[in-house]
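These are the structures, in structure tokens.
Okay, so chain A shows up in both of these, paired with chain B first and chain C after.
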Partner chain A sequence: MSGSTTTRRQVALGSIFLLILLLLPLVVDGYYQTMLTTIFITALVGIAWNLMMGFAGQLSLGHALYFGIGAYVVALMAERYGLSPWLGFPVGFLVTSGLGLVVGFLGFRFGVKGVYFALLTIAFAEFARLLFEHWDYVGKTGGLFLGSVKPDNRSLITLRGSATFYYYAVLATTLFAWLWCGYLVRSRLGYFWRAVRDDEDAARALGVRAFRVNLLAAGISAGITGIAGGWFALMNGNLFPESVLGMRVSIDFIIAPIVGGLGTLCGPILGALIVVPLNEIAKEAGQALGLNGLNILLYGTLLFIVIVAAPDGCWPWLANRLALAGRSSSKPDGP
Partner chain B sequence: MLQIESLTKRFSGLVAVNDVSFSAAKGSITALIGPNGAGKTTCFNMIAGATAPSNGRVMFDRHDITQLTPEKRCDLGLSRTFQIMRPLAGMSVLDNVMVGALLRTTSLSVARDEAREILASVGMTSAADRSAASLTLPDRKMLELAKALATKPQLLMLDEVMAGLRAQEAERIVAVLQTLRASGTTILLIEHVMRIVMSLAEKIIVLQQGEKIADGSPPDVVRNPRVIESYLGRKGAAA
Partner chain C sequence: MIELYAGVAINGLMIGAVYALVATGLNLIFGVMRVVNFAHGEIVVGGMYIGYGAWALLGLPTSVSVALAAIVMFGFGYCFQRLIGNQFANRPQHAQFVLYISLALIITGGLAMAFGPDPRSIQSAASFSVYKIGSLRVDATRLQAALSAAGVILALWLWLRFSLTGKALQAASQNIIGGRAIGIRIDHVFAIATGIGFACAGIAGALIAPLYDTTPYLSADFTLIAFIIVIVGGLASLPGAMLGGLIIGLVEGLAAILFDPSAKSLLSYGLLIAILLFRPMGLLGKRRAL
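Entry: the complex of A and B
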């Protein structure tokens, strides 16, 4: 079988891709580095969301909840209490994965499935947004601002710094999350996730503890999303309920994994590489032409094209072209 | 091994299963037969935990399992197939069987080896890497059986696994079931193919309109006037 040659090609092309990303800041300026970091954050949330949707089969339309709470936790701990994000990130992870477990518990315990589960996730995210918009402690709609970076700042302690610092830090986080998720979906738990995704009752008849397995997906997905939110907070320096907890955030984040390919590990990364630059271009074009909302129109068009041309997403299509796919198209779970 | 005590299921007014009791001895094959709509599958679902009974108890290995979830029952050694086949359509045939095998082991390689063995025993080795969604009807039936076997059941419940199969394929399943029985597995099956029921089962339960009308050895049951009247017909009785 050509299995091992395929694996070697995967490793080789993956290493080249990573090497390019590592060297890129040497040739591109801060503007592009920041845009690339946004791509990484989008990919990171996409990987997390896809774990729930693509592998465990739970549609969440409220991932802004975890992104926003993760962002606020890291920012508040740094700004109000002067605590290093080294502490903020673990706390953010625990808080958001805890929230994921709560939302998941309510959904799975009471058999809220499919569209109704999606509505539940929206409700929680919107509730959090409204709460934050009226809560003095977090600055209400006026937002929360991080103080400017001090001259004697040491990035490895404050986790704040230049565009280049965020670039490498978020790249490392995304790589770590990607490897972790890759490990998980290939593990015993990953088999159970896919079984529950395909047919929950049939999976339970095979002894799969669907409730626990579903909860794990929700908790891990939420926690990773919270970490992504934390990086967004540090990089951006300002947070508004609408900009991190809003409905629009939830929607924006799921476009990339859908365009890239549901249930694939590389799909969210490819999707982010397509969607984020397109969004930037459309925004600028929109401003230049005085056409507000051009980027939304482009999003819609892009989704339409992908659904018609590559219903499984761009990654399975590209993987076939690069001869990276396994033996047959029957395995949408390849890397 | 399995004991059903006055199992009853009411669906808002309709009594699908009414006060049915029977038992299945360890290492035996028991068949559940009856016309369409007799309540066989409902009965099955209550034993497997997919449907909660309105009344009655399910005893498995002398434990009351009436309140347990389907996955817990599977863990205890009670495995079932679905009449309407439910392959895990996004996964390969081998992965489907591995999910069952992973109930008893945490090692993927052990589960993979076991799954390959089981696929070989039902004659599906060549289909292992295919998508479960691409299988033909007989292969889907075989996959249902293979998945259930992978969980290493003490009680195997088969809901019409042989319906729609060619004689040769049905023979293959019969051979697998005989091997299982010889190794001490208890089997409960719903089946319409009377030739197979008569040759395999030690005991036959006949349901009609939710009620048990006969319970006994195959020769006794086919001589039972109520069974002839309602289910087999004169032609079936002659067979």
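Entry: the complex of A and C
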């Protein structure tokens, strides 16, 4: 069977890719390491969002809510109470997945679907942003700065460190989340998700508890996004409601998995590898030429080209090219 | 004290009428094509720059720049839908979402390059004139904008109801296959709907150009306000957009003096969440779309 050969190729290419990522910090400097870390964070949120949209079929346009809250939880616990992020991350995960469950519960219980669900998620995210902009405890629009926790050489305890530290830490988190999602979509739950996505009534008739299955997707997706937010807070050292909870944040995170390929496991990673550098190049070009707005124009144009030229995303195309077109990775509908 | 609240309420209702026009455009596009135009606020800002440009370069009054904005945005919307939008008519939601987001980014980027990030405002003697009704002082520019917006909405309703093309639009919104069967050119009708939707946003932009400091980055706020209004009023319901616009204008106006000017949107979002949960079809919406 060609299936096993394909699997072997997938494992081989995946290992090579991972090996390159592991060795890369030896040859690139801090600037590129930080950019690559941003790519990992984007990929991490993309993987989480894709779980909800690509596999469970719920369009969330407000993932900044979970990203921002996760970031604020980790930062506030470290800054206000001196608690280690080792504690902050589990709490952040619980809080954000709880929020995901609440938003999902309200949406699914009241039968808010499609466009309405998408707009509900935007409303919650914007509501949170406005709330944080008027809340003294989180620093209002002035932002929150991680001053008390200095990066030092005990990175593994404080989780604050150099660019290289964040590179490996976020890479490990992303890898873990990717493996977890890979397991989930191949599990019983994953088949339920796709069944509900493709035809909820039929799935229900076969005994799938659509409400509970959807809720799980929302909770897990939100929790992983919260973890990504926590890493962003530690790496950046400062947080503003607009920069982690804003509408633009939600949009940026959604674009990577769509460009990469919705409903594929590797799509969000490929998408992040394409979108983040594009954004960066557009920004550099805009600054070099001193033209305000050029970066936005370039970014928009590139997105436009991608969505018109490769409507299913880039991964299905690349997978074919690399002869990875086994049953599992070529079709957007596959696990 | 009562005068203060009455003044704020009237101001809110006046800006609400302009919001209603923006939302009507969004609603028309959604009603006919089931597409959410995420670039709607960008079209409004485009209209504002047309208003500003017509005044700064040519010294044209608002009435002329409104007509100009209507024509330019109609043409833009028609061409966009004909060349690109129609190809996306049967694509899944997320693909349409990215298409409109990219359009929004292109417009914002283009405007920022053309006009720079600095706020542009129209300063003319007319912008200080007021009407006095009893002890109430009503800003003349605002009142004119509100009345013009209401006039455009009314004209649009009449056109949709009585003209042949308007009826074709309604038919297409109800049943595309049936519409095709009786000889409606769906591509053309879709393009007309997008053109009118964009024109509504452009007109609204030109009308409020004298009231706001125009910057390219105002667009997201307008898009979100339009979303709130159409959900509160009812997606695909034109009277709903009018009602929603007035409600949101009033709520924002009153929230600004009751709480904090920058917190005014908080109340709007609270209202939006409540509506989505308890009456997702909106106040005047009838059927559940999608």
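What we mean here is this: the second predicted complex is superposed on the first by the 321 of 335 C-alpha atoms of A that agree within 3 Å, B and C clash if a C-alpha of one lies under 4 Å from a C-alpha of the other, contacts with A are read in each partner's own complex, and residues count from 1 in each chain.
We adopt the following convention: a residue touches a chain if its C-beta (ideal position, glycine included) is under 8 Å from a C-beta of that chain, and two chains touch if they have at least 3 such contacts.
This is a predicted model, so every value here is computed, not measured.
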item: Partner chain(s) touched by A:124 [first = chain B, second = chain C, both, neither]; value: second
item: Touched partner set for A:29, first chain B, second chain C, both or neither; value: neither
item: Which of chain B and chain C A:284 touches, first, second, both or neither; value: neither
item: Most chain A residues touched (candidates chain B, chain C); value: C
item: Which of chain B and chain C A:255 touches, first, second, both or neither; value: second
item: First, second, both or neither for A:298, with chain B first and chain C second; value: second
item: Partner chain(s) touched by A:207 [first = chain B, second = chain C, both, neither]; value: first
item: Contact set on chain B toward chain A in their complex; value: 48, 50, 69-71, 74-75, 79-80, 82, 86-92, 95, 98-100, 102-103, 106, 108, 111, 129-131, 133-134, 147-148, 150-151
item: Chain A residues touching chain B - in the complex, by the definition given at the top; value: 186-188, 191-192, 194-195, 197-199, 201-210, 263, 327-333
item: Residues on chain A engaged by chain C in the complex (per definition of touch); value: 53, 59, 61, 106, 110-116, 118-120, 122-124, 126-127, 130-131, 133-134, 247-248, 251, 254-255, 258-259, 262, 291-301, 303-304, 306-308, 311
item: Parts of chain C lying in touch with chain A, wherever the complex brings them together; value: 30, 36, 84, 87, 91, 93-95, 97-99, 101-113, 116-117, 216, 220, 224, 227-228, 231, 235, 260, 262-263, 265-266, 269-270, 272-273, 276-278, 280, 289-290
